[in-house]
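Structures for review follow.
Across the two complexes that follow, chain A remains constant while its partner is chain B and subsequently chain C.
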Partner chain A sequence: MDAIAILILSGLTNGSVYALVGLSLAMTYNASRVINFAQGDFVMLGAMTTVYFATTMALPMFVSIHLVLLVCAAGGFLIERFAYRPLMARNAQPLTVMIGTLACATIMTGAALLIWGPNQLFVPNTFSLNSISVAGITSTPQQISIIVTFVMLMAGIWFLLYRTRFGLAIRAVGVDPNVSKLMGIRAERVVAFAFVFSAIIGGMAGLLVGPFLGGHVAMGIVLTLKGFMAVILGGMGSPFAAAAGGIVIGLLEAIVAYYGNSFYAEPIIFGLILLTMVVRPAGLLGEWEATR
Partner chain B sequence: MKRTRRMWLTALAAASLVMGAGPSMAADPVVFGYIDDLSALVAEAGNDSLNGVKVAVAEANAAGGVNGRQIKLVVYDGKVDAQLTSTLVTRAIEDDGALAIFGGNVSGSVPGVIAIANDVKVPFFSMSAAADNFTSPSTPYFFRFGPSNSQDAAAVANLVAQSGFKRVGIINNSLPFGLDGASAIAAALKTRGINVVTSQVYEVNATDVAPQVLKTREAKPDVIVVWPYPADGGRVLRTMAQQNITTPTIIARVALFDTFRKLAGDAANGVVVPNTVDTQRPDVKAMLDKFAAAHGQRPPTMYIAMGYDGAKAAIKAMADRKVLAALDARNLPAARVAMRDAMESIGTFDSLQGTQGNALKFSAGNHQGLQGDNLFVWAEVQGGKLGKADLKAFAAKK
Partner chain C sequence: MSTHFLRNWLPALVILALGLGLPLVIESGFQLRLAMLICIYAVFGMGFNMLFGLAGQLSLGQQAFFAIGGYTFALLQIHYAVPWPLAMLAGAVVCAIVSLVIAVPVLRMRSHYLAMATLMFAMIVHDVALRWTAVTGGSSGLQIPSPVLFGVRLGRLEIYYLILAIAVLAFLVQIFIKSTHLGRALEAIKVDETAASSLGIPVNRYKTSIYVLAAVFAAVAGMSFAIVSRSVDPAYSTIGMVVNLLTLTVVGGLGSRIGPFLGAAIVILAPQLLAGLQEYETLIYGVGLLLFIIFVPCGLAGLIERAGGASKAGTAGTALPVGSLPEAKNP
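Take a look at the complex of A and B:
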């Protein structure tokens, strides 16, 4: 029982990280039909700016968090304004726009290298890293905060998308930007919001996961890949499907590591993704979400 | 008027002769290429080794160079990217005209560079990439200055045996360093009749390694050996503390890095680490002081010593008569071959690694420089700092 609880907690922790990146990728994709390859770099930016504000500038963590999220929001805004929008204005193909976001990711990594240097840095923890026991399971407040943040964000996004007029506009733009424009929706603003909001989610993930992974300029690409796996497995059509994909991957990793060997986790997960694409091309929850 | 003009022309001709003779009188600088990870996961090792090389090169240049030839260092960042590293090595050899190549802190990138070095016939001075098969069997142009995995493993196995531990748990990451290291340790323990009760692998970027640590705990080892990279090593130790594991722990050399100790926090207290740098040695102290003055204070890692040892050996080999003759004849390919030959014919080079008096030994059949049982000193982490390990207290924890 103890073992199963530890496995579930471990799977949820890893899965929440993948899910946060996955749902932020899906948010941008749903609004713009573009995979933002710089998404993982916002996790990096979140971790590294935490180092800058909380350690280098020695600001209180509460202030640092706000500044970190502000920097990430500004980054998301810049990508939308200076990469996505100019390319779309020139009728670029989605693939070209994606390469544009990849260029942004490379620029972000390069700039981070100039600012923070090549070494892995210790990212100050927002919550305590000391062990606590809850219902017999030992964890840390920092670890629990990853899962709690993920759940709260999911609830918040659901409320935004399904209980507000702006959410309806986001979904309308996702279905057909041209028709939504005819309905009076400012599609450009919706897309800009998606980029900025996704960047904030990425920054939040970096802030929370940084104390475990260590802040490093190259950490973004790996997380983008994991987030992308989550999106493909869960379904491109919705942030919730992508998040579910992330959780499934996290739990699978934990189960395979415990009952088998984590060496085989990635081949098994990629095998599962391939199988899912054959059986359900829209992803595990893609069609269900599309129907909704 | 005509006479004045003739005098001017004569003076001009003399001046141009002197000017023209200038470059050929001062010997051309020799290029050493340094290609390694300088910005990704192994950047601390790459930068430490690079700066160790720089100290040795600066010493040689300050002393007037090698037979009047200054050494120029060209540096490229290969990241943890084998293909990029190979491309940059080729660039250093072909475009920059490097006499020798340095680097090799990333095991995954080394095989490609070995292939290029042997194909183009350029000596490759490799640092900490520890896979045994890089030097066993040896290949003509590859020379290693750090310990191999089997040497690390032998040191770990000896410590485990001397401490009286009988049941060993191993946790390592899924990168070549972790996999090869763990398998070498398991083999070394087997020859000493010690049982590996569990061997767990985790993915290097996993936020949570609880399943692997849990399995290790369930196997009830009396000592745990962790073979990670710096950041994931921190996660493993934190998770061990979280699961109330107080078993004595030995960790790979990555624990010498600041990153590891900061990420692990108090969970790293008491873990012991094999290091090849004995800071009690006066020559080591002197070099580290010089290093700190030039590149800032760093922990006394073996990566600094490897870089320094490698560059000193290369400079000594470069002073060989045949190498200098080939350089004078502007025959770079012949100089590279002669330098390789000099590494084997000189054979013994001073080393800052191991105990006082330890030397690097190369021969036709052996390109693994560090030899013998006097390579390692054990360090212990306490309060985020490295100190000398108390091995009796470590053994008493069982």
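Take a look at the complex of A and C:
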């Protein structure tokens, strides 16, 4: 019983990170119809800038967090302004735009390599890493903070999307960018917001999961892939579906690794996702995007 | 007729002449190896270019067939001592069968879903290659005996001509496909599947055909790569492989005939040229790629075609409405 609880907790922790990457991918995709290959690199940026501000500059953690999120927001803004916009202005094909975000991911990795070098770095923890016991389950405040942040973000995003005017605009652009433009919605603002917001979420994930994963300049692409998996499993249509997909993948990883052969955990999960896609091509919770 | 010649045969002749003349100019084995890699990536790119550029089916899993081809080729030679031309044929057949089986569920999906499903398939193949150590040799991979033909061990130059012949053959197949009914039907499918099927085009059958063909191209490229590098390892199916594939397709020019050759040359040569920059290499490569696709959205082939179109418009005088032509840029 205790083993299962620990299993679920570690699954939820990893799942929350995948979910955060997945939901930011879905938000960007719904606003701009672009799969942002640089999404995982924002997690990398979040982890690495935490090292920079909290360890190298020795700033207080509270100040560091704000600076980290600011740097990530700036990164998202730069990608939207200097990669997405110029490409859209030239009527680039979707694949070309995707290569554009890939180039941005390469630039981020390259810049991080110059600043932090190729070694794995220890990322300072925001919350305590001392184990605490809640209802018989042993955990650390840092681990719990990941899950709590994820839940709070979900609530915040739900409020933003369904209870504000701007959220209505975001959802309208998600359904049809062209029609929403005709309705007077400034679609380009929604796109800019989606890029910046996703970058901040990525940075937050990096900040929180950094102490567990360790900071490495090449960690981005792996997390982008996990985000892809979350999006595929849950569905591209909404950030919540993508987040649910991420949680499921986190739990599956933990369970398969524990009960099955951890060596084959990864291919088994890929197989399960592929199988899901065959049965439900638009994802488990896919709604309006179902074109089959 | 002349435009037909210009579009199809002139580039083929130029590539053939360049390829045949190259060994006279370059002497080091390393440079010859780079030329071979360009040919191999061009074949790989041509398959993808037919699948996505012609038929509009985005697959991010072509590296799986690159690897399956390579491993089949290696295993048949190592365990059953199959002569390499036969092993090559077998590798292509195996990939065709695998892609046919995969195509049935996967090709029902469209756009990004298809891309993601094929990527998942490729990840499974990569994991199997990495983890099934007993058969695939794990991360260290398998060694392949050097190719022998009629009892003579092929030297570096012979292998080069073999790879060149494969690339030229692939180019001819590509031109042939584009000129057939299948090619035109696929272009219709790319524009609108429903409309295409209402015109009596068997959409699923044609999509499957081009998917299998692209898989065979990838397999041939993988096996050629295995001949050149004398080994196969899980690097064949990494995500980096498909990133290279996408980059060369976009840089070369999407849907263009000679695009894959031009793109492959850039993807292979750019890192060599940038290697002197050491730690700045990754950053400069990224910036270069971003600037390139922003300012040359149609790729190198598009650039050449535009230059050709502009000079033709110039010689034809005012008979052509110049305003309807895309703005010409100097290459």
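The rule we apply is simple: the second predicted complex is superposed on the first by the 287 of 292 C-alpha atoms of A that agree within 3 Å, B and C clash if a C-alpha of one lies under 4 Å from a C-alpha of the other, contacts with A are read in each partner's own complex, and residues count from 1 in each chain.
FYI, a residue touches a chain if its C-beta (ideal position, glycine included) is under 8 Å from a C-beta of that chain, and two chains touch if they have at least 3 such contacts.
All figures in this text were calculated on a predicted structure; none of them were measured in a lab.
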Quick check on the superposed pair: does A:Leu45 touch chain B, chain C, both, or neither? Answer first, second, both or neither.
neither
Tell me the contact category for A:Leu274 with respect to chain B and chain C: first, second, both or neither.
second
With both complexes overlaid on chain A, does A:Val34 touch chain B (first), chain C (second), both or neither?
neither
Once the structures are superposed on A, label A:Leu121 by its partner contacts, choosing first (chain B), second (chain C), both or neither.
first
May I ask you to decide whether A:Arg90 touches chain B, chain C, both, or neither, giving the answer as first, second, both or neither?
second
Contacts of A:Ile201 with chain B and chain C, given as first, second, both or neither
neither
Between chain B (first) and chain C (second), which does A:Ala26 come into contact with in this model arrangement: first, second, both, or neither?
neither
Output check: A:Phe263 vs chain B and chain C. Expected answer is one of first, second, both, neither. What do you get?
both
Based on the superposed arrangement, let me know which partner A:Ala169 touches: chain B (first), chain C (second), both, or neither?
neither
Chain A residues where the chain B and chain C footprints coincide 113, 263, 266
Going by the contact rule at the top, pick out the chain C residues touching chain A in the complex.
52, 58, 105-106, 108-113, 116-117, 119-121, 123-124, 127-128, 131, 239, 243, 246-247, 249-250, 254, 279-287, 289-290, 293-294, 297
Help me check something: in the complex, which residues belonging to chain A touch chain B?
3, 6-7, 9-10, 13-14, 17, 113, 118-122, 129, 131, 138-140, 143, 146, 209, 211-214, 216-219, 222-223, 226, 253-255, 257-258, 261-263, 265-266
Which part of chain A faces chain C closely enough to touch in the complex?
29, 35, 82-83, 86-87, 90-96, 98-100, 102-111, 113-114, 221, 225, 228-229, 231-232, 236, 263-264, 266-267, 270-271, 273-274, 277-278, 281-282, 291-292
Using the touch definition up top, name the residues of chain B that touch chain A in the complex.
38-41, 43-44, 46-47, 77, 79-80, 174, 200-203, 205-212, 214-215, 218, 230-231, 234-235, 238, 241-244, 258-259, 262-263, 265
